[in-house]
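The letters A, B, C and D name the chains in turn, as written, and every chain counts its residues from 1.
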Amino acid sequence: MAVAALSPVWRRLRRNWLSIGALALIALMALAAALAHWVAPYEPDDTDAAAALAVPNIHHWLGTDIYGRDLLSRIIHAGQVDLTVALGATALALVIGCSVGVVAGLYRGIVDLVIMRCVDSVMAFPAFILAMAITAALGNSVTNVLIAIAITQIPNYLRLIRSEIFRIREMEYADAARVVGNPAWRLMFIHLLPNALPPIIVQGTLAMGYALLTMAALSFIGLGIQPPQSEWGSMTAEGAQYIVTGEWWLFLFPGLAIVLMVLSFNLIGDSLRDFLDPRMRGVR
Amino acid sequence: MAFLAYFLRRLSLVIPTLVGVTFITFTLTYVLPGNPAVVKAGPLVSPEVVKELEKQMGLDQPAWVQYGRYIGGILHGDLGESSSTGRPVLEDFKQRLPATLELTLASLLIAMALGVPLGVQSAVHRDTAIDHIGRIVGVAGVAMPTFWTGLLALYVFFYLLGVAPAPLGRLGPGIEPPHAITRLYVVDSLLTGNWRALGSALHQLMLPSLTLGLSVMAPIARMVRSTMLEILESDYIKAAWAAGIPRRRVIYGDALANAMIPVITILGIVFGFLMAGNAVVESVFAWPGIGNYAIVALMTKDSGPIQSFVLFVALLYVTVNFVIDLLYGLIDPRIRLE
Amino acid sequence: MTDLPVIEVRDVSVRFATDRGDVHAVDGASFAVRPGEILGLVGESGSGKSVTATAILGLLRRPGRLTSGSIVLGGRELTTLGQQELQKIRGVEVALISQTPRTALNPLITVGQQVARLFTIHSGLGKAEARRRAIEMLTLVGIPEPERRARQYAHQFSGGMCQRVMIAMALAASPRLLIADEPTTGLDVSTAARILDLLRELCGKTGASILLITHDLGVVAQTCHRVAVMHAGQVVEVAPVRALFAHPAHPYTRALVHSIPRTDRTVAMEPIPGSVPSLLNVAPGCRYAGRCPWVEARCWAGKPGMTEIAPDHHVACFAVENGRAAAA
Amino acid sequence: MGGKTDRRVFLKLSTSAAALGAFGALPAQAQTGSTLTVAWDSDIDSLDPHVFKSVGGYAVECNIYDSVIGWKVQPVDGKPGFSIAHPSEFEGGVVEAWSFENDGKTVVLKVRPNMKFASGHPVDGAALKYSLDRALLSPGYMRFVMPRILQISKAEDIVLRDPMTVVINMKGATPQPMVLNLLALMNVTVMDPELVKPNATEKDPWAADWAKRNVAGSGPYTLTTNTPGVEVVLDARKDHWTGTAAFQKVVFKFVPNEADRVLLLKRKAIDMVVGRPGLSPRSIKQFENDKNFNVFTAPDTVCNWLAMNQTKKPLDNVKVRQAINYAIPVAAIVPNVLLGYGAQMKSPLPALMPGFDGGLSPYKYDLDKAKALMKESGVATPVTLDLAVRIGWQPHEEAAVWIQRELEKIGFKINITRQTDATFRQLASKGDMQLSIETWQSWVNDPFFHLVPLFHSTSKGTNTAFYSNPALDKLLDENYHEPDANKRLAAAKQAQKMLLDDAVWGLLWNDNWTRVVRKGVTGIAKRWDTFDHFAAMKNG
């Protein structure tokens, strides 16, 4: 059913070459990261004193760092961490947000009230600041960054699902179906899924970009992901030290990797929204 | 009277949120690794000194007692102490807040000054080159991490072109701060006619505020564009066109005025972005504000400043959104009068 | 009725570009409004009435565009004017009363200011003078306590009151032509009647002509001097009101007239068969062909021209040209 | 490579040109004769000299307080304007003369006459007695160190003999240089009791809260402003016993980023960089041939070593530790990472420390030997270990990569982890590290003062190897206060032998002490506690 709902999406996307490009870029990066061991021209930790701080050249397309490590290889390997955490955080937030949202929507009353007050409190923090505080509290690790980002994202899905449930409850056919004897949960899923799925897909796509940015910013300021898991944000931070001596490639390319990935996710998310959001349909 | 009711209704929603906020910040501190007593005492003291301090700081009490103390402290303006400056956090905050405010306001100004016209033009010239450029700028602006844009700006404008000053705080070397009135250097130097300080303050402010401003320009432009599109299709704008109201007046008067109401509501969100961006941008440009303070504290596991920063930002964020809600009520006659 | 018309619309076509091709919203429409006259422009929704009005005001926006025709207002060709000049004409020589009075007023500006600013813009009056004139206008359109009401906002006005304000605004610069686009939609019957009376009365006083756009033949019968009937973007019949109701010539007009519930007739309403044809990538012929009981082969191939079948009574129909009207 | 060098020179030129462009219009503060502008990266966490927390406060205290006794500095040949302290050479400070009585059990301190605190109050014996009491008893680092070295525990052990004389009655004789080195630390300085006492409370008898943020010194400068995160300003006193400092004003600019410190120096917006380390070797190197700057560098007592936590397998195996020592490419690290600003470490004692013996260590880079030892150890390879370094400690980060590569050749898989200083310390003292690169400097230049915290089994938090050897403990305990200098040095040598045999540390290097100073500024001096005394500096 979900697949069927998405097939027009696919048709729409295919017409939008920009989104295709974005999708291809993400696929390329994901594939390269997954197969980093085979794809990357060098091992990420291979040092070469003779080629230290080399400008981008034919052997090292994106140059090398102070140890002569190949920047391109390190960026590709870093993609593993970046994309995994972004995907993991988004998935975790989606699952928890939707489940709790269903609970809030179904039980209403006091349960809903408590849940929504918690949501309000979480949303009272700018997301990045909260992610920062949570990471600081839990300690630096990939898992903790993932959890921190997920927590800041949960309210989005929760509210989305909850309002969708409230909307369905209001609808007459839901009443009719109840009279016919469909159990409440079945009813929910029959009606909820097709209605709530599109906005959740849009939200999830955009959240991938957000998660990448947050994670990069966290490790840029020294929180979050620590080497040996090289990560684009911390690589940018390392590279920043070499601006003064003119080794621009060290900060530029890891940052560019972030920009390209986030841009791709946002472009896809935007196209999906244009298509899936009925208010925007046919605008262009 | 109607407005008072509106005010009270809004306020009643804010208070539970605030309680929730303090609860979250307390919980985060409670699980924050590192013994605050050890941090306070320094690494080179004997265990009994640490024990003494723990008792003094109430760390041996149960969690709920500590929470009570925490709330009491907040209400008395006691946010704890920074181990790296040895001063009460509140005092450090007071010293650094003007820097952050100056940067935030400048960025907001830049974001509005660029974002609003861009959004208006994109809407008015929908689906033309301007709109497409605006869209690209918007999407790209959101996708670029502020630390990276900041570094890029530094590299290009400071290291390569030399038109920007070294990223070393609010004033160039050798420039005395203007007489303190608001403690926003740009404002104070204007008020006191201190042109040398004004020039230096603006020069120093240039790159960080542009970096931060551009990062939040996109959502503003986007919001302005979409509300403008909606409003340009509205009956009263059509009526205004038909009534022969001059074009500029219709777009920048009638339409924009109405579009600004929803835009004001997203200023709250924009403010959140700015506070988050502040922390990162301040650290890139060595800007002596509270964001930089918090990041240094994170590095040194200085729990007082971290939790206070998080709490402070949340309180500020809630307050700003509350004020925006009120503002919304004041501006829109439909709410003000009903 | 031999004066030069206030406005003459000749062979106007408007198309809207879409993903799937051009929508031919108005196709060769021609009609004229004479001085002091109320011309009704009737047709089902989507028949291109409002688009025609928009074209007259020079407010067509992408993806819509005027593909042919001329619009002459007071002897001046409008289709070749730039936006700058058009802006000086709008509100001054031709004004619009929209079909949604409640939403056609800016919610953030007081009603008084909205009227007053027209005086400052169009007549160059000072603030105080403009305000005085605005209150005068509000009084004229029958708004009670105009001083107080002028300080209020649109949301504090009822629909009928809003429409009165709209009329005040439209008449502020004493235009020659008033385009009233479904001015009584959404108003209750008695309010609607009062608004129409007001319109008629004020135009009588000021000498303005009215192009009254409506789908309601009843309104036409009560208010207008002449009627132009539009179907699917084409003007199919133009006639004086009496002639039209007495001797509707075009098959579509006949169907329309017969569908009016009338107290003096006991025959049941005849619904118009078929539906408005799609205006997307249309065939060259008569657009009523698909619904027409008198359809002939040539109706599909070419568009019938306007023929004067009685004094001042014009019809575009091959069948009528051939004398079918008489038979009917 | 030639091409690369050219490019870097070009970029360097272009950046300094850019710098000139940006600041051409502004007068460079550093040029004004009577102000010295320095950059550093610390905030002052505490101004209380007796409570030592971090170097931020200490660097300032060195100029607003006077030490009880001073380290005498001697000019360095061929480096005009630069002096260094030599072991066991002292000069007067607050105390004009000192002597030992009662078989070395009693220290007699004669306070310098006519000395005044910045407040105008006189410095006398009572003030010194009060300050020594406070150092001994207030909650801080000295409360930990003084009893250990001086064998005293209570205020009664410090006696005011006459208004200008204070004696310290120690439980037993103590090696005199160690006592004097302790008294030369700024941590044992004199505070103005008239300022401190009124701020004491029942809960806080030594006014620790007050002293944290207030100054009660007798030093050549006074603290004018302290704006954390921005700057600290010191002003010279007119009535200091050494005369008025040539630099009337000293401004500490807070510049957290090393790259920015380098740039500020290059454009001469600052006169020098202070703090530890302040500048990394790579940055220092850029100034080596710059005619606008002097690079003053001298060997120092900072030890950098590969810490091997013996509570983690297989680091408990002595053969493994020896193998690691044979695999460390120190000979490559010193030129490539330190760029010459340091020397290979040959013993757990720094080369400048009394008792050091550079001939004891058998270790040199020898992979065959290392592999053989690994085989002997019976440990199954590959062994995966984490190697932790502090973020931003450039030489450590770079050395870690060198070490990683060599250790992987003898059967290890090394993951380098970077930690913030705070986390690093926490993990190290909890024993959660496996391998890490550690650093230590003993400001009291004495082998036993040095060895006890690093290797004694009772030293928690600083013995990061978690080394425990009863024989060594006994040796250290018995000789800590040994008055016979020769016997003591022999014991120190024995201790070094034991530590080297057990391969407790992976020996790396001793850093040089280095300052990059604007040409024309003289009076730079290296003392055992590393921090600059600005009163002795001047232009020309």
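Heads up, the rule we're going with is that a residue touches a chain if its C-beta (ideal position, glycine included) is under 8 Å from a C-beta of that chain, and two chains touch if they have at least 3 such contacts.
Quick caveat: nothing in here was measured; it's all calculated off a predicted structure.
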item	value
Remotest chain, subunit B as reference, centres from CA atoms	C
Length of the line joining the C-alpha centres of subunit B and subunit D, rounded to whole Å	40
For subunit A paired with subunit B, centre-to-centre distance based on mean C-alpha positions, whole Å	24
Whole-Å gap between the CA centroids of subunit A and subunit C	54
Mean-CA-position distance for subunit D and subunit A (Å)	46
For subunit D, residues that touch 2 or more chains besides their own	14-15, 260, 263, 391, 420, 423
Residues within subunit B bordering two or more other chains	33, 127, 159, 298-299
Contacts with 2+ other chains: residues of subunit C	none
Pairs of chains, among all present, that meet the touch criterion	A-B, A-D, B-C, B-D
In the complex, subunit C residues that touch subunit B	57, 59, 62, 83, 87-92, 95-96, 98, 100, 103-109, 117-118, 121-122, 153-156, 166, 169-170, 173, 179
Touching residues on subunit A, where the partner in the complex is subunit D	45, 47, 49-50, 53-55, 66-67, 140, 222, 226-228, 240-246
Subunit B residues within the subunit C interface of the complex	126-127, 234-236, 238-247, 249, 254, 257-258, 331-334, 337-338
Residues on subunit D engaged by subunit A in the complex (per definition of touch)	1, 4, 7-8, 11-12, 14-15, 258-260, 262-263, 286, 336, 391, 398, 401-402, 404-405, 415-420, 423
Touch list for subunit B against partner subunit A, complex	13, 16-21, 23-25, 28-29, 31-33, 127, 139-140, 142-148, 151-152, 154-155, 159, 272-273, 275-277, 279-280, 283-284, 294-295, 298-299, 306-307, 309-310, 313-314, 317-318
